[in-house]
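Okay, got some structures for you below.
One chain, subunit A, links the two complexes that follow: it is found with subunit B in the first and with subunit C in the second.
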Partner chain A sequence: MNYGPLVFLAAFFALAGSWFGLVLTPQVQVGRLQQTNSVPGGATYPVARPGLAREGLDVYRANGCAYCHSQQVGQTGTVCDVVLNEIGTNPPALFAALGKLKGMSEPQARQLVSGLPKTILAGKAKEEADAATKALNAAGAKAQVWIVAVGPDISRPGWGVRRSVAEDFLFDYPVMLGSQRIGPDLANVGVRLPDPNWHLLHLYAPQAMIKGSIMAPYPYLFEKRKIERFPSPDALVLPPQMAAEPGFEVIPTPQAKALAAYLVSLRADIPLFSAPVTVASASAPASTNAPAGATNAPPTNAPAK
Partner chain B sequence: MSVPESSEPRAARRAIPVWFIILLFLLLYWGMVYFDLRSGWFNERVYAPFHNLEQVASFQPISGEGEFVMKGKQLYSLNCAVCHMETGTGNPGNGCPPLAGSEWVSAAGPGRIIRIVSKGATGPIEVAGKVYNTGTMLAIGDQLPGDEPQKAESIAAIISYIRKTFGNNASAVTPEQVSKVRDQIKDRKTYFSPEELKAAPEAP
Partner chain C sequence: MTKAAAPAVPDEISASCRVPLLVLFTSAALWLVIGSAFGLIASIKFHAPAFLAACPWLTYGRVHPAWLSSVLYGFCVQAGLGVTLWLFARLGRAPLAQSWLVILGAVTWNLGVTLGVLGILGGDSTGFETLEMPAYGALLVFIGYLLVGISATLTLHQRRERPLYVSQWYLLAALFWFPWIYSTADLLLLKFPVRGVAQAVIAWWFADNFLTVWLALVGLAAAFYFVPKLVQRELHNYYLALFTFWSLILFASWAGIPSTAPVPAWMPTVSTIATALTLLPILAVALNFHHTLENTYSKLASGQTLPFVAFGVCGFLVAGVMRIFGAFFDFHQQLHFSWFEPARQFLNFYGFFVMVMFGAIYYILPQLVGFNLPSPKLARLHFWLAGSGVLLLVLPLAVGGVFQATQLENPAIPVTDIAHLTLSFLRVSTLGDVLVLAGHLILLGNLIALTVRFYRSQAVTAYSEATADLFKTSEVKP
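For the complex of A and B:
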């Protein structure tokens, strides 16, 4: 029996199916993704990286940073906290409501509301938090539901406050998602470590900045040169045992500066519709993913924090 | 018992049991229901751990006073900061008074500042112990985009922002208060003078 047509059809449908699922569907889904707005705040997100940081993406790619560092924060759930902002006009009613909510006596409730704003309930389901907020607000107080993303990544200090979504990578080409975490995730590194000088020192000598780091040093992104008349303002401020011999200094190349600018431009703390999270309004970023430090300006040689 | 060498193992035909077909359909049905409830139907705004768009919408942070003030900050940068500066220090060279520490801004009642922002002001005006007499403030409030309710909301956001920043610490202003004042002065075509403003009620 001639199985040719059958084999052909089977292969055709297998390839067509994977093309449909892996190429066409994602293209329909996010192919026309556009800038969006942060929620709340309404600031445009994302904004394109500053020029130097955009160049840094190419340095990041060329040096294979993505082999050891991912740029994607995961999230396994979303919970609600109830935060009491103001006692309001009717404290006895508030204490009664708090007593009912938390099963506490009035003196305990009185103690609880000292030093507002304070988290009253944490890690609750949406319905429960809404009901509690309603009960507190009915007692004249000002309570608010805080949306909190949870997950193993988010519980790590400085890794971001919400999951990564497609918008985060809108202006990155190629997207440096990474798949291995031999080093830490870098999606939020610009918030975690906002100082470009720290990154320059860390690229030159990782072990000088983090004890026991297994990261490879990148000395070829730096140049050791003789000090001519004046020392360069860009020279790295190195610990004594790593410093260049007297009369020499270590200068970051433009690639190193671009890479540091790129790293401090990475952040995963902007609340979006598709990744809702409550951020304190005092720290709500005015301009979304603009880097924490001014990255267009060349890094100075101020000592690392 | 020995098996003859010539005998090949043979599979006999047998019908698929009915229970197996029913199980398959039940699994398919369960799969479709699961997909329907949890896939978000491939909506690009639905990511795990959310199941559908309604759920994402229900988890949006509730807008509060903080967000309103943030909106005011953006509007301030666009419309006001050219003269009054991002830091609210004003620009004495232009005759533009400061907002930081200004008694006009942080008055207990926002009636006068609503009038200034809505219709502008001109003439020598004393702010924080200094007289500014060369500047004129345009009717920024009337020039804001949108219809009247949107203007009132924008003005309320701007005033709430300037009353709460630059070291000022006065209460926020609601769009209703702004609408009420703007209703009283809606036919006015000229800038306010400081004397007129002083005559105007402080309460909205």
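For the complex of A and C:
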């Protein structure tokens, strides 16, 4: 019997199935994703990176930064905190409510409400947090439920406030999520380290900026040159032991500047429907109808330069 | 169809395969040496971050993909195609069809890989892992594959032994698997790029289908041929091998999306289930080889081919189990970002595929040229170097990766401290890189020595034939 055509058909349908499932369907689902709006806030998200940062993405790609740095934050779950913003009009009732919620005496409750806003309950389920907020608000106080992402990545200082979602990468080409964490995750490096000059110094001499760093220096992204009449305003301000010899200065190349601009443009901290989180700007008094933190300017548009 | 033709004799097959396969194998071995040298440079960067830092062409983020591209496209696919051609010819008892296509294809392929690797080093990498070669290299690579593939398909079509052995199933599937996934990925990522994370999904899909499915199909095909042949037994269960085939192409082809991916949750979920189901082909392979080898395990240590193939099959099994294991750890999300994942990948291609190919090349070469290896001891040394090299490369990274992942789980430990913890493991693995490179040099040396010896003897024969006439006439004259 001749099984040749059978083998061919078997392999054809197996691969066609996988192609349909993991190429075509993702393309239909996430390949056609459009801009979305932040929730709350309603600002358009994401906005395209500014031109220099877009050029920086190519420097990031060409030098293979993604082989050491991931750009995706994970979270293991979402919890709710209850934040008390104002004591309100009826302190005795509030203390009673707090006493009931947390099982504390009145003096303890009185001490608790000093220095508001303050997190009263942390790490609760949505229903529990809602009930607590309702009880506190019934006592005349102004309390609010905060949605908080949790997980090892989120707990790392500056790594991010929520998980990365497909929307974060909408306008990038190529999308470089990275597969290794030899260095720290960079999904929110622009939030954590918003100063491009810091990044330039770090690219030139990583160990001078972060003690014990194992990152390679990138001297070819800089140019050491003789100071002509005046020192260049672009010249790096290096610590004494790293400084160029007298009469010389270190100037970042356009590539280095673009890369730094790209790095500070990396921020995925906007609350979205698919990754809800309460960010600090939303802590404005919840008593008005205006969505918290709503301004005309999209929050990510301005590079922190 | 040439059904009437009598089965070709081995000599005829060897003669038809000689030049094309020597071209494929020698250039593959050369790429392996070049690639491993890149790997060594990348590894040394962990001893001294400033090593070669002033040269943009040799920065870690370029040398690392250059290494993988050289090994995967330069060696793995090229050697895999050579073994495919030879197995098609031998199992089908037909000489290689249109062997000039193979030579042309090999030249195009090597030109493509050269341009691709130079492009990566020059900063033209595409940014998609395992698909780093820029479009101009990828196009030539694709054309080269098609040319070789046409010859392979014709050889299979003209086979004179009609029934198909299980290896031929595997190889036929692999033969058309690669152009499909490669063209899909290149078109949708480089030519008409899709939007957002759909790019990442397609890149993962390609990497999985290439590194898990394609390598497994070709590597297992060779193992299913060489192990029964060299221990002189029938394959224990033909149907179990077919079951491996079906389960492999059905499940492993869905297993690519990592659980950390910022994509809709169903994709990583489907992939995790598929990963769990790849236990079936792994168990089937283990069972089949165990029963084939029962009571003759000692034979595996003999000869130049079996040790390599046996090591390779073990590598396949362990790498597969590592993958399933990794998907179900509590901290599997961090494990995915740790050195555990590269360790598994190195085991899969260095420990499994490359080793099986070594064994196959050491078997095929002497048949092609009609000489034994210049020194069997050297092949033995190659085995020990490659085997210990792979272990030294993979074990420290796997163990270090588990430590790294547990520490990444703990936000109190700074990333710099974690990096320093992994450094000691990485530095041990550099030794593995050195041993592996030394082993690859031996392979290249063996290949060149045999080729030179063959053509020298050819020249001697040709010369004596040409001069024999001369002597005859001079005898007759007086």
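Keep in mind that, in the parts below, the second predicted complex is superposed on the first by the 279 of 305 C-alpha atoms of A that agree within 3 Å, B and C clash if a C-alpha of one lies under 4 Å from a C-alpha of the other, contacts with A are read in each partner's own complex, and residues count from 1 in each chain.
Definition applied: a residue touches a chain if its C-beta (ideal position, glycine included) is under 8 Å from a C-beta of that chain, and two chains touch if they have at least 3 such contacts.
The shown structure was predicted, so the numbers you read here are calculated from the model rather than taken from an experiment.
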| message | If we overlay the two complexes on their shared chain A, which of subunit B and subunit C does A:Ile227 touch? Say first, second, both or neither. | response | neither
| said: Is A:Arg163 touching anything from subunit B or subunit C once the two structures are fitted on A? First, second, both or neither. | reply: both
| request: Count the residues of subunit A touched by subunit B and by subunit C, then name the partner with the higher count. | output: C
| request: Name the contact category of A:Ala125: first (subunit B only), second (subunit C only), both, or neither. | output: neither
| For A:Gln144, is the partner it touches subunit B (first), subunit C (second), both, or none of the two (neither)? | first
| request: Could you tell me if A:Val39 is touching subunit B, subunit C, both of them or neither one (first, second, both, neither)? | output: first
| task | Examine A:Ser18 and indicate which partner it touches, taking first as subunit B and second as subunit C; both and neither are also allowed. | result | second
| task | Look at A:Met242 in the shared chain and tell me whether it touches subunit B only, subunit C only, both, or neither; answer first, second, both or neither. | result | neither
| said: A:Leu9 in the overlay: touching subunit B, subunit C, both, or neither? Say first, second, both or neither. | reply: neither
| task | Please identify the positions on subunit A that touch both subunit B and subunit C, taking each partner from its own complex. | result | 29-30, 33, 163, 165-166
| query | Quick one: in the complex, what on subunit C touches subunit A? | reply | 45-46, 49-51, 53-56, 59-62, 64-65, 123-129, 156-157, 162-164, 168-169, 172-173, 176-177, 180-181, 184, 188-189, 193-202, 204-205, 209, 245-246, 249-250, 253-254, 256-258, 260-264, 267, 270-271, 333-334, 336-339, 341-342, 404, 408-411, 415-417, 419-420, 422-423
| said: Taking the touch rule as given, give the residues of subunit A at its contact with subunit B in the complex, in rising order. | reply: 25, 28-30, 33, 39-43, 75-78, 126, 144-147, 163, 165-166, 271, 273-278, 281-282, 284, 286
| note | Within the complex, subunit A is touched by subunit B residues 42, 44-50, 56, 58-64, 66-67, 69-71, 73-74
| field | Residues of subunit A defined as touching subunit C within the complex | value | 1-4, 7-8, 10-12, 14-15, 17-19, 21-23, 26-27, 29-33, 61-68, 70, 72, 74, 152, 155-157, 163-177, 179-184, 206-207, 210-220
